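Have a look at this one.
By letter and in written order, the chains are A, B, C and D; residue numbering begins at 1 in each of them.
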Amino acid sequence: MADLLLSYIALAMILFSIGFLGIISRKNIFIVYMSIELMLNAVNLIFVALGRYNESMEPQVMAMIIIAIAAAEAAVFLSLIVVLYRNKKSLNSDIFNVLKQKDTANG
Amino acid sequence: MIDFIYVLPLFFVGLGAISLMIVSTFKSVTIRKGSITTLVFLSMAFISNLYNLNTGDEVYSHYPFIDIFNKMIIVDTYASYFSTILILGAILTILIGIHYFEKHKEFTVEFFSLFLFSVFGMMLLVHANELISAFVALEIASISLYVMIGFEKVISKRIEASYRYLVLGSLAGVFFLLGTSFVYGATGTTTIGTIGDMSLNTFATNMNLLIIGGTMILITFLFKIAAFPFQNWAIDVYSGAPLPVTAYMAATFKAAIFGFVLRLFIVDFDLIRDFWDDALVYVIILTLAYGSFLAIIQKSLKRMLVASSIVHTGYLLIAFTSISALGESGASSIIFYLVAYFLSAVGAFGLIAYISSDDHLRITYDDFRGFAKIRPYMAAMLSIFMLSLAGIPSTIGFIGKFYIFTGAIEAGNTILAVVGIIATFISVYYYFKLIAIMYFYRSAEMTNVPPLKGVAPVVIAFIALAIIWGGVGNTLVAYFPGVDLLIDMAKLSYESLFVG
Amino acid sequence: MVDIIFLGLAIFAIGGGFGMILFSQPMHSAISLIVTLISLGGIFALLSAPFLFMVQIILYAGAIITLLLFIIMFLNIRDDELPDEPNKNITIIIGAILLIPFNILILKAFNTFPEKSMNILGKDFGSIHSFGMELFNKWLVPFELISMLLLASLVGAVVYARKDKNRDG
Amino acid sequence: MDNFLLAWIVLVPLLSSLILGTMYLYSIKVTKIPNIVFSMFALTAPFISFVLGVSFFFRLLENSDVIIYRAYKWLSVDGYDIDMGFMADQLSIFMVLFITFVGGLIHIYASGYMKDDDGYGKFFFYFNLFLASMLLLVLANSPIIMFIGWEGVGVCSYLLISYYYQDSENVKAGNKAFIANRVGDLGFIIAMITMFYYAGSNGFDYINLELGMANVPVEVLSFIGLALLIGAIGKSAQIPLFVWLPDAMAGPTPVSALIHAATMVTAGVYMVARFHFLYDMIPNVGLFIAYIGAFSALFAAIIATKQTDIKKILAYSTMSQLGYMFIAVGLGGYSAGIFHVFTHAFFKALLFMGAGAVIVALHHEQNIFKMGGMRRKTPLVYFTMLIATLAIAGIPPFAGFFSKDEILLTAFGSGEYFIWIIGVITAVLTAYYMFRLLFVVFHGSNYKENRELHSLSKNMTMPLVILAIGSILAGFIGVPLLLGGQNYIGIWLEILNSKALHVEHSIELYLMGLNILAAVIGLLIAYKKFFNYDMSKVPEYTGLIWNKFYIDEIYDRIFVDKLKKLSIFISYKLDINFIDKIVMGISNGFIRSGNVVARLQSANTRMYAFSMLMGISVISTYLIIVMR
């Protein structure tokens, strides 16, 4: 099992799907953030597995770069969460709907 | 040394971003000083970029510092040309936005630092010759934009837009990485050019994976340009953003995305493009329909312009599908339309930003009743932008649409041309509504309309002139974006990436 | 043996993932995520990437998620402030059904790959040395660009995080 | 050699318009500029163009080769060039002559009509822009350039119809015109694209198109012909796109005169004539055009008999006369059609100007049943209007007789007897409603005596006289051979006419007599019913009993009542309920779809992500199906 590329890919795809499901189903913005992190990790797993398969170091470097990108995103995302919580006093992403299409004007 | 000159524009913009980041801590640096500094750095980048661009009739392709950079950055006529558009877009955004930024006291000098970071990211994107580097560049641009959108963080809709763009943008970004991993899995490389070479030698079994990878990258691309079915975010994010940022995203960012995607798909993904051409027809029709329907019901001008930018995405995609049959001229029609749309949109958004920057009185169509009576010049300029966006003859927008539709017909996509033309007709409704309201309705009470003063109106007037200028004839257009030159460049980027 | 380790780690990873999206308390979710990330780190080690294994544990689980936990505690959210999510499970099920074609597509494409040994490779592969050589010989550009990205996100985080002086105005 | 002057025919009004626009802005922003300065620029432009047109006319007279001037390369795609090109041939120069001449007279008239208006400068800015667009349309040497003029005419008509924009009704009328025209434009564009695709490989000007058309399959030709026809119908207000025309009366009267007489509405006829090489190959479509023309003619004439608004009567009469022109061009009688365009320009401009003069004199009263007895008050207007009415009714020797006769001869000679009968009936109705107008307005008795008339300036009466002379003489350029004349217009436009008519001279004579008879019948009915009409009576048919003659009763019972009902049905039920509803239904449908789309914009991040998921799911399914 651990000999097969496909099993790693399958694991990665399961994690990727879980991440996607988290984004579509959860209102809590923390968990939305964590879901994105999980998806990035799933992609990392694919990279590393392919690197082992091709016996190349390149994908490991790519995975490393993706981790760094995730860190950068984390900084912005987490500070945005703080702003949102201060502004709206809530973590519920469903109530953030000022921009909803209305009959009246909003610019 | 010559290598360094090639990366000089990038260097200047990056340097500007870091310098502004450092000086933003000082209290004495005002918004005005910050914007002037930004302009200085952008101008230096612009001049050095002109040096790169202007190599006579010769087209070139070069990998600077090839031993260190390892072919991940490419400088060719194509990239320099796109850099010109991007820097110009940035300069225009700042010039038009100065008034707005000064009136809104939330803005600080960090904004300009982020702005330059985003310009840096976009320029890097069109210079990128490797998928991971391209993604990093895209992330630099996107992260800066997320924050720029939410910069006025006391306003609910700003941070809401920022949040929505951040979540959905990251989600779309993950698909880019997924696609990259598949492309790597199929070909063992992520360098543009090499992917294409490898795809010719790969076993047919891996071909499917390459196509899937390309599709995943295409998903990110469709998301970023707001095409169906990934268009939902656009109207919220664009209308939640400050107006100059909206203009910047709708015009400049879109150009950067297309700059990269064209390179990727022209050079490497012939196969995927052929594979996708049939499906893209539906994507385009739905994009046009969705954008048109959304635009037709809007009462707010800003939201109307935003919704119509989805329609313009549809037009661009029409040209994108024509590439496989027409090659260079298909690509050049995209580039030309990008310029045409860029000018019209920056002008329209910029002028509305200027008009509504002091107060928030003029937002909906109805607020512009009889506007022509009070501000005839502004109304005239606004009309020019609307005419150009609608594609009425003797504006640059018409010529852009003309190229796209003739290109589509030549490529055999008559249905798309017809749908595009129908969308154009619908668009006349919502663009001309503004003109009609400004000219033919009794004026509402107009208080506190900003007078024509300062830099922004002059710049906007120049854009309006350029739109007319570009629409009058080819003799002038030849020096403006240069149709023949565009074809050459598309050709070169095609050749150079295989040769180099 | 390797199979059993892989299977165990995979179960932990998937379980952690499900835990993350099912717990209503963000704290519990974050801990589940850490479980997943550490399991993934173990799988990286199985895949001859010891350096990445370290990075995953130290940087990801150690730094990023710790930061996340810190923010969660910093905001000090009470239970009644948590959003009410009655339709969560049904959405997950519908979403899972919609994701089936996506997964089939990708797994089908990978299924055609010829079988090849995935055993742990020799000492050098995945070590810090070889990793560094690769990074600084070939991947310098993205690596340097990451610094620009981090700077940009730094500025962004500063903008968001600072107390606003115009808050009252 | 002097070909560049061809461009100046268009450029002169354009420049004048730009100057006027700048001056107007200056005038409202800085200091007021007196009207005389505006007039100077405004009124000279059409006459300069006219003189230029005349010079080209004489050049063509000497040497009948087509004159082409390419100003510059306008677009270039892949080495495929489209020039900003102008072409003067017999047809286009002929159009230019009367457009500029009649247009110039309308300018003079307008300078009197609009003299108290604040937007004097703006009005002439639009006016000259309109003229320039029309001239560009006519002189273009390729459909694309023609389309620019076409669009320009549409936009300017919109501006001019909505000129009194303080009243929202007028803006609505302008919108209606604009939308109806856009529908037509869509047809034009589709036709252009198809032509370009099938026959445009060697170049896209008319000459190359004509060559390229030879190899195109006939179904495609028919498609092009029909698509072009939609454009022509939109501009020329034929069934079913006529709805805008009566509403377009909302503009100032000189605008109506300009739109109806010489310019916009004739664009459709011109277009069909311009593409004669195409329609010659597809006679079935031509026949269809002729039928549309015939029905439009009859339909409009029926409605006109019931109208009370003087300008609306004239509007419907325009539509009806345009129907005649479509009959002619549809049946291949291009010179007959253009001849009628020509004579129509004179008498219709005259009618509108006369009507405008009456309206001004009566302080903007437009209901004819509130006028009456104007004969004594404004004898000059009466006299000129009489000439125009005689001309439009087709009484010899006035202009309309000859052109209408030729059209009906074409219809008869082509064997389309049904169209011919409709034409004759319409001729009766035309004479009837025009004389009804004339009698009521100028002869009616018992009107309120004590009303003060607004004085009319020289500027307004002088063009009337010139046009009256024109209405008398214009017909003589096309006197049929039968009457010992020389059909100059037929000879001049000989290149267009592909079809010879074979009608015996004796029959031709009978036909001519029948036409005159038709006109006289109409005249007599009107005379019986409306001469010395008692203006104090309510303007309804119930009070009019002239049943001393048995024939009147029959007529009333058989025709008037039925026609009245039909007219009411058509103008109220069909027009408003049916055609308006379709137009509005389409636009409402769009807005409704827009609202559905808006509901998807829930501003909910999860929902957006979910829609992305659905998109990805569909894309994946597609890929699974496509990839083996």
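We take it that a contact is a pair of C-beta atoms (placed from the backbone, for glycine too) under 8 Å apart; a residue touches a chain by one contact, two chains touch by 3 or more.
Note that the structure is a prediction, hence the values are computed from the model and not measured.
Enquirer: Among all the other chains, which ones are in touch with both subunit A and subunit C?
Expert: Where subunit A and subunit C share a partner, that partner set is B, D.
Enquirer: Of all chain pairs, which one counts the most C-beta contacts?
Expert: A-C
Enquirer: Based only on mean CA positions, could you tell me how far subunit A sits from subunit D in angstrom?
Expert: It comes to 64 Å between the two C-alpha centres.
Enquirer: Just give me the whole-number Å value for how far the CA centre of subunit C lies from that of subunit D.
Expert: Using C-alpha averages as centres, the distance is 71 Å.
Enquirer: Return the distance between the CA-based centres of subunit B and subunit D, expressed in whole Å.
Expert: 44
Enquirer: Subunit B to subunit C: how many Å between their CA centres?
Expert: The separation of the two C-alpha centroids amounts to 32 Å.
Enquirer: List, in ascending order, every residue of subunit D touching at least 2 other chains.
Expert: In subunit D, 598, 601, 603, 605-606, 609-610, 613-614, 616, 623 touch at least two other chains.
Enquirer: Specify, in ascending order, the residues of subunit A that touch 2 or more different other chains.
Expert: 19-20, 23-27, 32, 53, 58, 62, 65, 69, 72-73, 76, 80, 83, 93-94, 96-99, 101
Enquirer: If I count partner chains per residue in subunit B, which residues reach a count of at least 2?
Expert: 132, 136, 139, 143, 146-147, 150, 153-154, 160, 163-164, 167, 171, 182, 185, 208, 212, 235-236
Enquirer: Under the stated contact criterion, what part of subunit C meets subunit B in this complex?
Expert: 105-106, 108-110, 112-113, 137-142, 145-146, 148-149, 151-153, 155-156, 158-160, 164, 166-167, 169
Enquirer: Inside the complex, what are the residues of subunit A that reach subunit C?
Expert: Subunit A reaches subunit C through residues 1-11, 13-15, 17-22, 24-28, 30-31, 33-35, 37-38, 41, 44-45, 48-49, 51-53, 55, 57-58, 60-65, 67-76, 78-83, 85, 89-94.
Enquirer: List the residues on subunit B that touch subunit D in their complex, please.
Expert: So the residues of subunit B touching subunit D come out as 160, 163-164, 167-168, 171-172, 175, 208, 211-212, 215, 219, 223, 228-230, 232-233, 235-236, 275, 279, 290, 292-297, 329, 376-377, 392-394, 399, 402-403, 405-407, 409, 414, 417-418, 421-422, 425-426, 428-429, 432, 436, 439-442, 473-475, 483, 487.
Enquirer: Please output the residues of subunit C touching subunit A within their complex, sorted ascending.
Expert: That would be residues 2-3, 5-7, 10, 13-14, 17-18, 20-21, 24, 26, 29-30, 33, 36-37, 40, 43-44, 46-49, 51-52, 55-56, 59-60, 63-64, 67-68, 71-72, 74-75, 77, 81-83, 85, 87-89, 91-92, 95-96, 99, 102-103, 106-107, 110-111, 113, 115-119, 121, 125-126, 130-131, 133-135, 138-139, 142-143, 146, 149-150, 152-154, 156-157, 160-161 of subunit C.
Enquirer: So in the complex, the part of subunit D that touches subunit A is made up of which residues?
Expert: So the residues of subunit D in touch with subunit A come to 598-599, 601-606, 609-610, 613.
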